[in-house]
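So, here come the structures, one by one.
Two complexes are shown next, each including chain A; its partner changes from chain B in the first to chain C in the second.
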Partner chain A sequence: MTDETRTAIRAFVVENFLFGDDSHPLPADLSLIDNDLIDSTGILELVSFLEERFAIQVADADIVPANLDTIDRIAGFISRKQAT
Partner chain B sequence: MCGIAGYHGGNIAPDRAAEYLRLMVAALRHRGPDGEGILIRDDAGLAHTRLSIVGLADGAQPMTTTDDALAVSFNGEIFNYVELRDDLKSRGHRFHTASDTEVLLAAYERKGLDCLEDFNGDFAFALHDARHRTLVLARDRMGVRPLFYTEHEGALFFASEIRALLALPGIAAEIDPLALDQIFTLWCPIPPRTAFRGIHELPPGHVMTLCGDRRTIRPWWQLSFPDRGDAPASAPPEAQAEELRALLTDATRIRLRADVPVGAYLSGGLDSSLISALAARTVTRGLRTFSLTFHSAEHDESAWQRQMAATLGAASDSVECSTEAIVTRLPEVMRHIERPILRTAPVPLHVLAGRVREHGMKVVLTGEGADEIFAGYDLFREARVRRFCARQPDSARRPRLFQRLYPYLPGLKQQSPDYLARFFSFGSETLDDPLYSHRPRFRSTSAAKLFFSVDLKQEIGDYDAAADLAAQLPADFGRWHPLHQAQYLETAFLLPGYILSSQGDRVMMANAVEGRFPFLDHRVVGFAASVSPETKLLGLKEKHILKQAARGLVPTEIIDRPKQPYRAPDSESFAAPHAPAYLDTVLSPARLAQSGLFNVPAVGKLKEKVLKGHVTGFRDNAAFIGVLSTELLRGLDTAQSSQIAPRIGINQE
Partner chain C sequence: MPSVRSFEVGDVDAVADLFQRLLRKSAQPAGDDLKTYLRALFLDLTDRDPDIRSRVHVRDDGSVSGFIGVLPVQMEFEGRPVRAANCGTFACDDRESDPFAGARLLRDVLSGPQDFSFTETSNDVSTDMWRSMRATVLGPYSLEWLRVLRPAAFALEAAAGRMSALRLFTPVVKAADALIARRGGKSSWISYTPLAGKADAFADVAVDDEEFATLSQSFLAQYPLHPAWDNATLVAMLQHAKRKALHGERVQHAVKSRTGKAIGLYLYYGNPGGIGRTVQILAAPGQESVVIDCLLRNARERGLVAMRGRTQPILLNAMIGKKCTFLHASSTVVHSRNPDLLAAMTNGHAFLNGLAGEGWTRLIGDRFG
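After this line comes the complex of A and B, so read on.
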């Protein structure tokens, strides 16, 4: 898991879910759902972004909050995927 | 059906009063193109624009009693005026006209405000009693007909629409930040608050009495449900369905009373199909139905509409609402509905009412109200599933039910039970929360406040629209069944605050068309409230008793078809190359900065996303339509002043 990965994820979240408002607090352990940053279509946008940007395959079973609900979790998920 | 306006108090000189009343009448001319009138008295003034439907020849208003003691400016209909007139005649009252307005005056003369209980109708009226120097403003039970008021020059001015108040010199259309917060949470303002500072709405079922400097507002009717432990009506299901059918038959029959032809909206769903079927049995010269179609299969119901029209043997007319029409008409529609909206659904209904008017018709029946009182909306089923899931929060199977509830939302299909559980947030809220049923909606809508400006957020502060709503609930609300609590929230707030106004009265009256709603007959509403929750929502089957009542009148395929909520294309209508020229003006950074309501760079990015056709989620759709509609409302006061063209005489006492 690299800082570069986190930075890329953060930039995607800010651009797509916060519409560029980088003044919004966005710690790496902030829940995207509980803070209403992401909805059901947003998750599909996020998955699509991860598949393209990091060249990974996201299975239906992977689409769970445990993998995708914070920037930290997404970064961890990507490194696990890239390691397999 | 008409427009009313007037004032009370303020010691306004007669020539000035006449000028003000003329300005207000001119702003309401679309509601009543058939006639106008003004009446000025010592302490009050009344004005009226008339759409003549009942008593065509002799129903001019403001109308007075023969002794001039009472004068009324009346918008709407009292559907049981025939029975009330017969009763008053039997008591010795002599009538001089064929209008329901005279029945109103006679009923008030006899019983005072208690006469409201006898009225079966949709109305807003202002009645002046010269003997007691009192002005009464009253509004129907469900909030079909609108009534707004404001303080100005020491007087209280009132009108059917806010635009008439904004026509007065010195009254500005300034967006109320708390109203905006309410709309971006609940989808509508909580009356008496409106979208504009200083302008108030008389809540549905309320009456205001003004005498000298005294002013009282009180409810004269309130929707209520039995306590949870109370035994529900014990009649067998077949008898209950029969009773409902009889009530709906009569509710429809008296709503066909008019001296002009009455048509019907036909969406292709159960509610409007049933009302059309009941109406077709009464209308001897053949019923004409009107339907909306859409190009996109996701929104279109024309196959069902054709089937029902064929069953009725009705003359049917349909009009397609294109995405271009939605885009083009939105600014005009906003001038009529006078409050921000989060979806474009009012626009196609403006198109449909226009088609009715093109046929020279003034009155239509619709199926509005059934989804509220018989638990048709998905929200009611969703709340039941959430409670079901909350009882076993670890179940992986139960959350799959949400996908069955919303087959038309592709975003949900691919979600895991874990995500579904989080989106519908069961387990995280207490089951005895009075707003439990509506929390997911309020939460997903509130997410659109991301686009509020820092200044607006500061002005709103820690105000909580949902908490404000919870504070307005009746004292016995907590004792009702959860389904009834959810029904109350829909029926008492969203129905008048959005469905009957933005999708109802305003877009219809913009075309001088009157809507009539048999499901909102208070006898039907009372019946629906009295029957058990399972009679309405049986498991996850919505409107159970209504479907039983409809059998034999409506084809089985329509009764049993999956419910399709009425929706219209939202932000996708604005994608390039169909983006309207006004988008760049209304959402320009300079104009947004001037209004100060929204986050300028964020709205700019949202607009770009819309233009690319990339906005698909609920939050971003609601935010885009919400921001655009709010900005279109700015300048409403200056837009009014250009259309004033008084043309009426004055009846001064």
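After this line comes the complex of A and C, so read on.
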């Protein structure tokens, strides 16, 4: 899990869920669900991005808040996937 | 952990409840009629392709929280067999507690063994989800056409949908439409006058399911990508389409020349004074315009105030000049990893919607006890 990974995820979230508004503080532990930044549609966009950008395969069972609700969790999920 | 699995008999009650609450927006509990129908449609019919099944999303405790109804369709693309999944009925609960359930369910279905997946009844939320999965919206298949036949009565009927007491004004609007009709003149987009034309050389005749199915096969062959129904399958679908209590009486006609040669078919539902709903128009190549004229004439003679239906590219072209209005209500969306199939669909070479959709099922337009 690197800062580069977090930066890439953050950039994706800002671009796609905040419509480019980078003034949002967006801390790495902010819940994307509780803050209404991501829904069923958004998660599919995020998963497609992760699969392409980080060359990982996301299983349907992986699509749970425990893996994808915050930037930190997403970065950790990518690390675990890349390690397997 | 929540999971996705095939729809089973034991899920019928839970799925009927989801259907009733989320899609029919009803607080009434689902009745046995709906449960029996969901089982007949999504379990019994899928015997045709046991690998392509409806799917349910299941919570940790084993209860069902989501459903995608999948109808397998055997199709043919340039002579080769193709497997399609018609994924029209999509309902998911727990948006607050598990906002990713719908996403898991849709991903699971779209990753199935079919060559392509499609829906013709996608609302804006579903369409966004499909798009996120790299699906394609087919614009020319996603419009509702509307032809007003009796303008005053149509306006009343449209308003009475919200305030039924307005139907007390029916005699007044009949007089208004009679006056408009007497003034005659050319058709405009708000009034309809059947004009002399090619349609005069043809007659509409009621046909039974067997004949409708047989004739359908001959008209479908012109589409490079089309369903490969046998007659028994098509007849079974027409049996499902026998009744649409919310849409009115069924009219199932062939358009025939004086020598008895059929040049087209139409299937619609509607009662006098109401707005008719077309499920299917089929025509021999180049005869679409005549068949549409015959449909509109029949609807007007039966006292309908307007006709509507779903577009297909070939019909869209034939409707130019017929003073139709086009609106968008829901979308036809397709997902495939096969570029040739996608190209056929985006180029309008596929037979989709209506009978090759959900329009023939009782889920569209019928009442459940």
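Here is the rule we go by: the second predicted complex is superposed on the first by the 84 of 84 C-alpha atoms of A that agree within 3 Å, B and C clash if a C-alpha of one lies under 4 Å from a C-alpha of the other, contacts with A are read in each partner's own complex, and residues count from 1 in each chain.
Rule of thumb we're sticking to: a residue touches a chain if its C-beta (ideal position, glycine included) is under 8 Å from a C-beta of that chain, and two chains touch if they have at least 3 such contacts.
Keep in mind the model is a prediction, meaning the values are calculated, not measured.
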Which superposed partner A:72 touches (first chain B, second chain C, both, neither): neither
Touching partner for A:21 - first (chain B), second (chain C), both, neither: first
Greater chain A contact set [chain C / chain B]: B
Touched partner set for A:48, first chain B, second chain C, both or neither: second
Interface residues of chain A shared between complexes with chain B and chain C: 33, 39-44, 60-61, 63-65
In the complex with chain C, residue positions of chain A that touch it: 33, 38-45, 47-48, 60-61, 63-65, 68
Contact footprint of chain B on chain A as seen in their complex: 15, 18-21, 24, 33-34, 36-37, 39-44, 60-61, 63-66, 69
Chain A-facing residues of chain C, complex: 1-4, 92, 95, 99-104, 106-108, 111, 125, 128-129, 132-134
Complex interface listing, chain B residues touching chain A: 409, 411-412, 414-416, 418-419, 422-423, 443-444, 446-447, 450-451, 599, 601-603, 605-606, 609, 616-619
